[in-house]
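Residue numbering begins at 1 within each chain, and the chains themselves are lettered A, B and C in the order written.
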């Protein structure tokens, strides 16, 4: 039987973790208790509550997690409001995986990796970070810079503290935008912090966050001497089909859902500036 | 090649109808040319082409994808598709026939759109050669020969005869089933008509329309053109061009609460609409200039960049006739040609 | 007239009265006219046109244009001036930023109308006396100007401008014997079932392109309810077989009392649905229930549907079709 792309499968939400005041992480498995499908880091899935809406979300969990998938979702629209209001045990529809993943098995293999994330931008990178940590022997040095508005807005804070920071093979730098009482770490915006970190130019950089953060981060990376060919990001545009046919996420001759969402900056440079 | 007297065309229609549903372009109650299921006595329209394109047959304006039933926290997914019957579309013009191969390049590439494929497989396209092109026609720009249309079978009405020629296996199958109505004919019998049509085609206002330079190489140059604000200034932001276009294929997926469940359907959408790229946190194309540019860049540049130079246009002229402000792909191409030639 | 208008436009640009001109631009054929803003004399010489094919109502563009820097010259035909006034009344156009020149109109034709009269392959057209001489791919064709008129121009209500700063040419007269309600009367004479069948037949052709709404000067909402995803009715296509009917019926209700009967909705409909008949029915009923009223005739009066008086017809009477 031919694979149906527009007919979803059923999933059930088995755990809901409150990450920040507006981000929750949802654990999803199939009705048989197993993972609904396999994916690669950076790929996305279409989640839906019929009658409410369907939207594309990056898969936050690592492919190395063989038991379930996770989605860290920020409350910002009709569907996400609904998802935030639901309880464990709710069934949802899911289809995917969609898009081109981060090239973890090709271009990035064996390389030093520098992850830069802002706010909910950690969601797609978390999948890569945990994939790389689980295949540690295949990669060089790893640095992670993550910033948010405040300590309360740091997504996956406990995982960062308990696992990433406890890992001797990973360097983690956290920052928040403004000082607050219970924070003794770095304070300041992500793009500026990038310039304060001791960094060789042989890193490949994976960056995701709000557009303005990405813009200034890229500028500062270039100032430090990084080439656009070393920097990757993942994009977000309105999507409906997920397979490059409905036309919505078309930029130039690319479809973000199919040819992206992961792009290298030299590839983005070839496209019209319309994102 | 086969033929039968034009006076027996109703017998031909009846013979096709005896086997499968037959659609022909005919004048409806309001006098508009449209495809309708043939019934006894229904005649071909005299209009050159149907008001609405033929893409509905394979990519209808609305189409149910799947249904859901919700009960508490549970969801049931129901694939409500029914078996598609075989059908014949008779009298498709060369431009519209080409539009199907363009739609194929969207819907039949991996991952295949099974809804489209299902209809495509069950449909047999019988084209009809043009004899009196309109001034809005510019199919020859895209290498289409209105006197020798593509399709599963092609036909010509010349003099008192209807000539038929099968071009594919499906076409062969259709014609062989009609064999008792048909006599053998020689291709030479339609040569004069073909020559006359091609002569007119050469004299059409846009016969010399030149699209050289509209390709992926000039993508950013064309995108950055200073002409877009002026070209799009009067655009109403309606979807007329998109919806009358035989090759526009963008769609939306929506849910409809029927009261007994949720029906998920897809429907034509237009990049000209303000909510096309609207997300919960913003819009990547905020002005009509950007939306207008998207449509023409897609047809003239992006599509050919991805499809070996094939444009997303067949020169049917519907948008030229129907745009409320008479802005169209020809005017856009002419305005921009100076930037790339 | 075109020459007069060109000279006047250049004069007003030169002396600084206006900094741009809203008019009509020639196309590839004789009939494919596009509304355009001309900013210089060169622009005007290159494309400005005014002839029997300049049907587009330019008033709605002034919502946007009157909010730009400087004053804009707008050429308005008699029926366009009604829309202009109505938009002034609704505070949608900034009056002081527009210099209105009224231009005469003898009725318009368009490509679609000529084609409906059997003209094929239109290459050009010129007017000669009462006739239009059309050059086509298949030889010359002649059509009397009366036969070439668009449907809306055949029932023209007035050739007189209701507003202008300056007038070019001679002012026309109102056309009291315009017979514009005859088609509505035919619909009223039908049985409810026949009428329902008529509208279902017409509206079933709707492709929800929104051309009628987007061109309509009375449809000037910043955000249409049908474009609002939160409204629950924002469908782009029929979710069920009555959807399009609702779209048009709701739209007709929304413009009732404000529609000036300019006829743009029917002109632009790619499916040739006689949408103006819905609006005309409302106009006729408003005339009957509340007294003669013409939207856009002035900028001050209160419209019957937004003005309460003790003499207002009771809803129950409206329901019975006005029969007491």
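Everything below uses one rule, namely that a residue touches a chain if its C-beta (ideal position, glycine included) is under 8 Å from a C-beta of that chain, and two chains touch if they have at least 3 such contacts.
Given the structure is predicted, the values throughout are model-derived calculations rather than measurements.
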{"item": "Target subunit C, source subunit B, minimum contact steps", "value": "1"}
{"item": "Greatest separation from subunit A - chain, by CA centre", "value": "C"}
{"item": "Whole-Å gap separating subunit B and subunit C, where each centre is the average of the chain's CA atoms", "value": "30"}
{"item": "Distance from the mean Cα position of subunit B to that of subunit A, given in whole angstrom", "value": "40"}
{"item": "Subunit A-subunit C separation of Cα centroids, rounded to whole Å", "value": "51"}
{"item": "For subunit A, residues that touch 2 or more chains besides their own", "value": "78"}
{"item": "Residue numbers of subunit B (touch at least two other chains)", "value": "252, 269"}
{"item": "Touching two or more other chains - residue numbers and ranges from subunit C", "value": "229"}
{"item": "List of subunit B residues in touch with subunit C within their complex", "value": "29-32, 34, 48, 51-52, 61-62, 132-135, 200, 203-206, 233-234, 236-240, 242-244, 252, 254, 256, 258, 263, 265, 267-270, 273-275, 320-322, 324-328, 330-331, 334"}
{"item": "Touching residues on subunit A, where the partner in the complex is subunit B", "value": "2-10, 50-54, 76-78, 80, 86-87, 89-93, 236-238, 240-241, 243, 245-253, 270, 272, 274-275"}
{"item": "Interface residues, subunit B side, partner subunit A - complex", "value": "65-66, 68, 70, 73-75, 77, 79, 106-107, 111-115, 216, 219-220, 223-224, 249-253, 255, 257, 262, 264, 266, 269, 271, 276-281, 284-285, 290, 294, 297-298, 301-303, 305-306"}
{"item": "Subunit C residues touching subunit B - in the complex, by the definition given at the top", "value": "27-29, 31-37, 56, 61, 111-112, 115-116, 120-123, 136-138, 201-202, 205, 207-211, 213-215, 227, 229, 234-240, 264, 267-268, 270-272"}
